[in-house]
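As written, the chains take the letters A, B, C and D, and residue 1 is the first residue of each chain.
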Amino acid sequence: MMEKLAINEHGPQHKQAFDEPLWWSLFSAGGVCFAVILPAVILFIAICLPLGLLPAGALSYERASNLLFSVPGFLFVGAVVCLPLFHAAHRLRHGLFDISVGNDILNKKLMYGAAALLSVLALGLVVAGMLR
Amino acid sequence: MQQRDFDIVIVGGGGAGLRAAIGAAEHAKEHKTPQRIALLSKVYPMRSHTVAAEGGAAAVTSAEDSHQAHFDDTVSGGDWLVEQGVVDYFVHHAYQELVQMERWGCPWSRKDDGQVQVRRFGGMKTARTWFAADKTGFHMLHTLFQTSLKYPEIERFDEYFVLDLAVHEGAVIGVIALQVATGELTLLRAKAVILATGGAGRLFRFNTNAGIVTGDGMAMAYRHGVALRDMEFVQYHPTGLPGSGILITEACRGEGGILLNKDGYRYLQDYGLGPETPLGKPENKYMELGPRDKLSQAFWQEQQAGRTGKFGDSDVVYLDLRHLGEKYILERLPFICELAKSYINVDPVKEPIPIRPAVHYTMGGIETDPLCETSIAGLYAAGECASVGLHGANRLGSNSLTELLVFGRLAGEQASKRAAQTEWADTRLLEAQAERQQATLARLCDGEGSGESWVELKHAMVQAMESGCGIYRTEEGMRHSLETMRQLRERYAKIRVNDTSKIFNTELLECIELGYGLDIAEASCLGALERRESRGAHQRLDEGMQKRDDVNYLKHSQVFYQGEAPAELRWQDVDVRFSAPAERAYGDAGKGGKV
Amino acid sequence: MSTEQITTKSVSTNNTSIKHISVKRYLPDSSAEAYWQQYEMPVDDSTSLLDALNHIKEQLDSTLSYRWSCRMAICGSCGVMVNGIPKLGCKTFLRDYEGEIRIEPLSHFPVQRDLVVDMEIFLEHLAAVKPYLIDDNPVKPYDPKAPETYQQTPEQLARYKQFANCINCGLCYSACPQFGLNPEFLGPAALTLAHRYNLDSRDHGKKQRMTELNRHEGVWSCTFVGFCSQVCPKHVDPAAAVNQGKVEAAKHTLIALFKG
Amino acid sequence: MHKSSSQRLPPLKRNWWLKHRFFKLYMLREATVLPLVFFTLCLLAGMVALLQGADSWQGWIAFMGSPIVLLLNLLALAASLFHAATFFVLFPRVMPLRIAGHSLPDKAIVAGQWAGVVAVALLFFWLLGRA
C-alpha cells in the first residue's frame, strides 16, 4: 500500500499530461466535423451517389477530380477524413480502456499512430493529385 | 490502543471547531510556536450541523447601523439574561470575522456594485445579516473546511467519537475517543482542549436539528464538574415543516413572507407585534419579523383557539410567499422551494407552506468565561455547546453563525496561548482514565441485567421533554419531566446493546449519546422548574409566573452534576454593566422605548 | 387583509402500505461474505428511504449500520445505491418505487460495513486540488483593524455559484465508471471544486491547481459519460465543470508551450 | 496515518456497462466511431481510385453500391446523426457562451448547431444536386 502511494506522489503517474490536450483538441474538432459535416457527406457520397440519385455528371470522374485535387479539396479531406479519424482514435482508445482491453500506453500509440498515418496518406493523395 | 500527542485537541468539526482550529494555527504561526492541532469529529466535518443553517450571519455593516444597535438588539432579544461584556466583544468583532470568511472565499450574496449584501432578520433593528442565498451555513462550513486543508499542522480525525475528557487536578490533559471504523480506543494527550460539539436539539421529539446534535460535549464537561448554564432556555423556531421538523428559514419572512392562520388572517397583529405591515414591505421587529419566541408562542395561542389548520396529523399555520413572485422566490430562496417540494409536496410559488414550531437551538450550555475557558483549566468551549453568555433567554437568528466565528477564533487563540506555556501530563494518567472507559463500554455491550431497550428510553426522553418543556410550561409538567429523567437515568444503567461488532457500531454510539442526553435533559428540566418566572424562551402558565421577575431571577441558572444523585442548581449574577433591564417590546409597542 | 381561503392540502400521510426493502448486509467481523436481508414495513407518502432505515434500526434490527445526519439533503452523509442508482437516502421517497427496493452501499468505494463505505479516497482527491482561495498577491491586503472585502459582482458570482453547491456526497463517484475503472482518477466532485475556485474572480491559484488537473488522472480521465451530473442531488453538473476544466487545461498547456 | 486509508477496490469488470441503460447509451455513443471508421476507409479507397483513373473511380462507385457496403454506410449515416444529437447538447456545457455578461441559453446553442448541419447539407445540394 505504502509503495503504491509513493508512486502516486512522485512517480510517472503524477506527471503533467501535456500530450492529452492535443489529442483532446483533435478529438473535439473531429467531433464537430463528424456531427456537422459528415451526415451530408455520407448521405451524398455513400448513399445518393452509388444509388444513382445524383444528377448525371455531378460526380463524374472529371468533376470529382477537380473538386478533390484542389485547395478546397485539401481542406475537405482534413475536415472529413483526418479530424474524424482522430476523433475515432480517441474514442477507440478510451473504449478499449472501458472494456479493459490491452494497456492504455500501447493503445494510445496504436490508435493515434494509425490516425496520423491515415491522415498523412489522405492528404498525400490530394497533394499527389494536385501535382499530377 | 493508539496514543498520540497534540498541543491542542479540538472536539467538533462544525463551524466553531473549524474556526478554532484555524484560529489556533494562525496564532501559533504568528507567535512562532509551532503547534500540532488535532480536530476530532464523529462525522466528517462537512456533515456537521452548521451545514444546515440557512438564513445568515449578523454583523454591523452599513453606515446607518451601529454597534450600539446590534448590542441593544442582542441584549433585549436575550431578555437581559446576557453577559453584556461578552455581547460588546461580540458585536465589535463580528464584521471582521465575516470579512475574513469572504477573504477565504465564502460566496456571500452580492449587490450589483460588488459589495456584500445584507438582509433583514427577526429581532434585528436593521438589515445586517450576511447571507449566501439560503445556504449560508453550508457555504460557511465548506469554506472553513476547505480553508482548513491549507494548514498541515491541523490533523483531522474524522469519524472519531469522543467518549470522555481526561482531567487531572482541575486541568484537562487529553481526550479519549473511539475510532468508529474500527472500534479502537484512541488516547490523545493535549495541553488544551476545545469543545465545539454543537447543541442538544435532539433531546426533543420535534426539532430542526440533525441526528448528531445530541449534546455530547455538554455532557462530557458537565460530568467533570463544569456547570451547565441556562439550560432551560430552548428556542422553538416558528417555522418547521410538519412531520420532519425540517427548517424553513426565517429569511422567508425577512424577504417578505407572511404568516396566516387557517382563515387567511395575519394573526401576529393580535400578539403585540402589529400593526400589520403592508404586503411585500416587511419591517424589522414588526409582525413576521418579531423574535422567534414570540412567534412560536403566538402559534400556541392560535392552536389553543382552534385557528390552526391541519397537515397530516400536525396542527399548522401557513407561510405565504406567493406575492413575492416566482422569479424572486427562486432567486432568493431556492433551497426552501426544493425542501417544500420534496418533503411535503408543496410548491411555495403556488401554495402557502404549512409550518409549525420546532425545537431549534440550545441557548444554554457549557459555562465559560468571556475568553471561552471553562472552570477546568485548559478546557475551552465555543459554538452552540457553550454558554459564553451571548444569547441569554433567547437567541436572535443569525447571531449564532457569527458566534461560531468570533468565539471559535477566540477559543483557538486562547488554547494556543495556553499550550505554549503548558507541558503534557504523564501518559499513565490518561491510560488509567481510558481503562475506565473501556470498562464502561464493555458493560454497555455485555448488557447484563434486565437489558433495557435504548429505543424505548430515547422515546420516553424526547416525549417527556416535549410535553414538559415545550413552548409553554407548567410547574406540574416540568416536575413530571424531571422525575421522568431521573427514572430514565436509573434505567439507563441497565441498558443493552445488541450489536457486538467493533466495526462501525452505530447502535453503541446511539446508546452513548442517549446517556449524554439524559444527563443534560435532567439539567434542562431542573433549570426550567426552578426558574419561577417567564423570560424569553421560557414561558410559564403558572399563576404569578407569567411575567419576567428581575428581582429574583435576573440570574443565570447553573446546574452541577452529582453522579447518580440528583443534579444541583445554583444561581449566578448577570453582567448588566451597560444596559439596565427594560421591557422587551416589539411592533409599535417597542417604539420610543430604549430598544 | 384577507388572502383567499387557504386550501389545506394534505399530502395523504394516511396513504399507508406495506413495502419490502432488501438491504445488502456486510458484517466483516462475523462473515467475509455480503448477504441480502429483507425487511417489511409500513410506509406512507412522505416516508423517505432514510425514514425507512431508521425504522429498521429502531424497530426491526438494531445492527444495521448506515450514515445519516441532516435528513434534509444538505450534509451529504446518506448516499446509497437504490436499485443500482446512487441516491441520497433522505431525498429518496418510497412513494416513487413500485415492487422491490434493493439498497446497497455506494459503488466504487470499499465497503466498511453494511451501507457504510470508506470515503477516504474521496477526501484525498478533494484535498489534492487545493480547494481554497489562493491569492498570494492580494489586490487589497487583509487588515484585521480595517477589514475590507473583495469586490465581486453578481455576474462574477454567478459564474461559479452552481459549482460551489457540491455537498460532497460522493454520489457522482459511484456513478462515474472512469472512477470505478481507475480510483486514482480525481473524479467529478474534486475537479468541480477546483474549477469552482478557478472561476472565482477573487482567486489567483489556477496555475497551481492546473498541475493537478492537467494530469492523466486529472481531467483527462473523464470521457464525458455524464452520469455524474444525472445523479447529482444538488444539480451541480460536475460533468460540465470537468469538461470546462479540459478547455482550461488545454489553454494552460498552450501557455506553458509558448513560455517554454 | 490514523486511518486504514487509501484502500482501493479492484477495478470494474469489463461488462460494467451492461448493467444500466445510461451506460449502454454511452457505449453506443462511443461506438458510433466504428461505422465512421468504415466510411472514412471507403472514402480513402475512393481517393486512391480517383487518383488511379476513371475506371477505378467507376469501380469504386460500384463497390459503394454493393448491398453490404451500402448498409454499413447507412449505419454510418445513422451513427453520425446520433453522434450529432449527443454531441450538440454537450457543447454548451463545455463552452458556455456568454454575450454581454449573460449566458446564451443551451437550447439556442443546440439549435444553432443543427442549423449548421442543415446548412452543410444545403451546400452539398447546391454543389452536387444540380447537373
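Here is the rule we use: contacts are C-beta pairs under 8 Å (C-beta built on N, C-alpha and C of every residue); 3 or more make two chains touch, one makes a residue touch a chain.
This is a predicted model, so every value here is computed, not measured.
Q: Which pair wins on C-beta contacts, A-C or A-D?
A: Looking at contacts between chains, A-D has the larger number.
Q: Using CA atom means as chain centres, which chain is nearest the centre of all the protein shown?
A: C
Q: I'd like the Å distance between the centres of chain A and chain C, where a centre is the mean of that chain's Cα atoms.
A: Here chain A and chain C have centroids separated by 36 Å.
Q: Using mean CA coordinates as chain centres, what's the chain A-chain B distance in Å?
A: Distance between chain centres, rounded to whole Å: 61 Å.
Q: If you average the Cα atoms of chain A and of chain D to get two centres, how far apart are those centres in Å?
A: Comparing mean C-alpha positions, chain D is 11 Å from chain A.
Q: Measuring from the mean C-alpha position of chain C to the mean C-alpha position of chain D, what distance in angstrom results?
A: Centre separation, chain C to chain D: 31 Å.
Q: Counting only residues that touch at least 2 other chains, which ones in chain A make the list?
A: Touching at least two other chains: 94, 98, 100.
Q: Enumerate the residues of chain C that touch no fewer than two other chains.
A: Answer for chain C, listing residues that touch two or more other chains: 118, 177, 181, 223, 246.
Q: Which residue numbers or ranges of chain D touch two or more of the other chains?
A: In chain D, residues 3-4, 6, 8, 11, 17, 30 touch at least two other chains, as defined above.
Q: Please name which positions on chain A make contact with chain D in the complex.
A: 1, 4-5, 31-32, 34-51, 54-59, 61, 64-65, 67-69, 77, 80-81, 84-85, 87-88, 91-92, 94-95, 98-101, 118, 121-122, 125-126, 128-129, 132
Q: Which bits of chain D are touching chain C when the two form their complex?
A: Within the complex, chain D contacts chain C at residues 3-9, 11-12, 16-17, 19-20, 22-23, 26, 30, 90, 93-96, 101.
Q: What part of chain D is in contact with chain A in the complex they form?
A: For this pair, the touching residues of chain D are 6, 8, 11, 13-14, 17, 27, 30-33, 36-37, 39-40, 42-44, 46-48, 50-51, 53-54, 57-58, 61-62, 64-65, 69-70, 73-74, 76-77, 80-81, 83-84, 87-88, 113, 116-117, 120-121, 123-124, 127-131.
Q: Within their complex, state which residues of chain C touch chain B.
A: Those in contact with chain B are residues 1-11, 13-14, 27-30, 45-46, 48, 57-59, 62-63, 65-77, 91, 93, 112-114, 116, 118-119, 123, 126-127, 130-133, 142, 144, 147-154, 156-157, 160-161, 164-165, 167-168, 193, 197, 200, 202-203.
Q: Taking the complex as given, what residues does chain B use to touch chain C?
A: Result: residues 43-44, 46-49, 51-52, 95-96, 99-100, 102-105, 107-116, 135, 138-139, 142, 146-147, 149-150, 158, 181, 210-212, 243-244, 246-247, 260, 262-266, 276, 279, 309-313, 318, 320, 335, 338-339, 342-346, 351-352, 354, 455, 497-499, 501-507 of chain B touch chain C.
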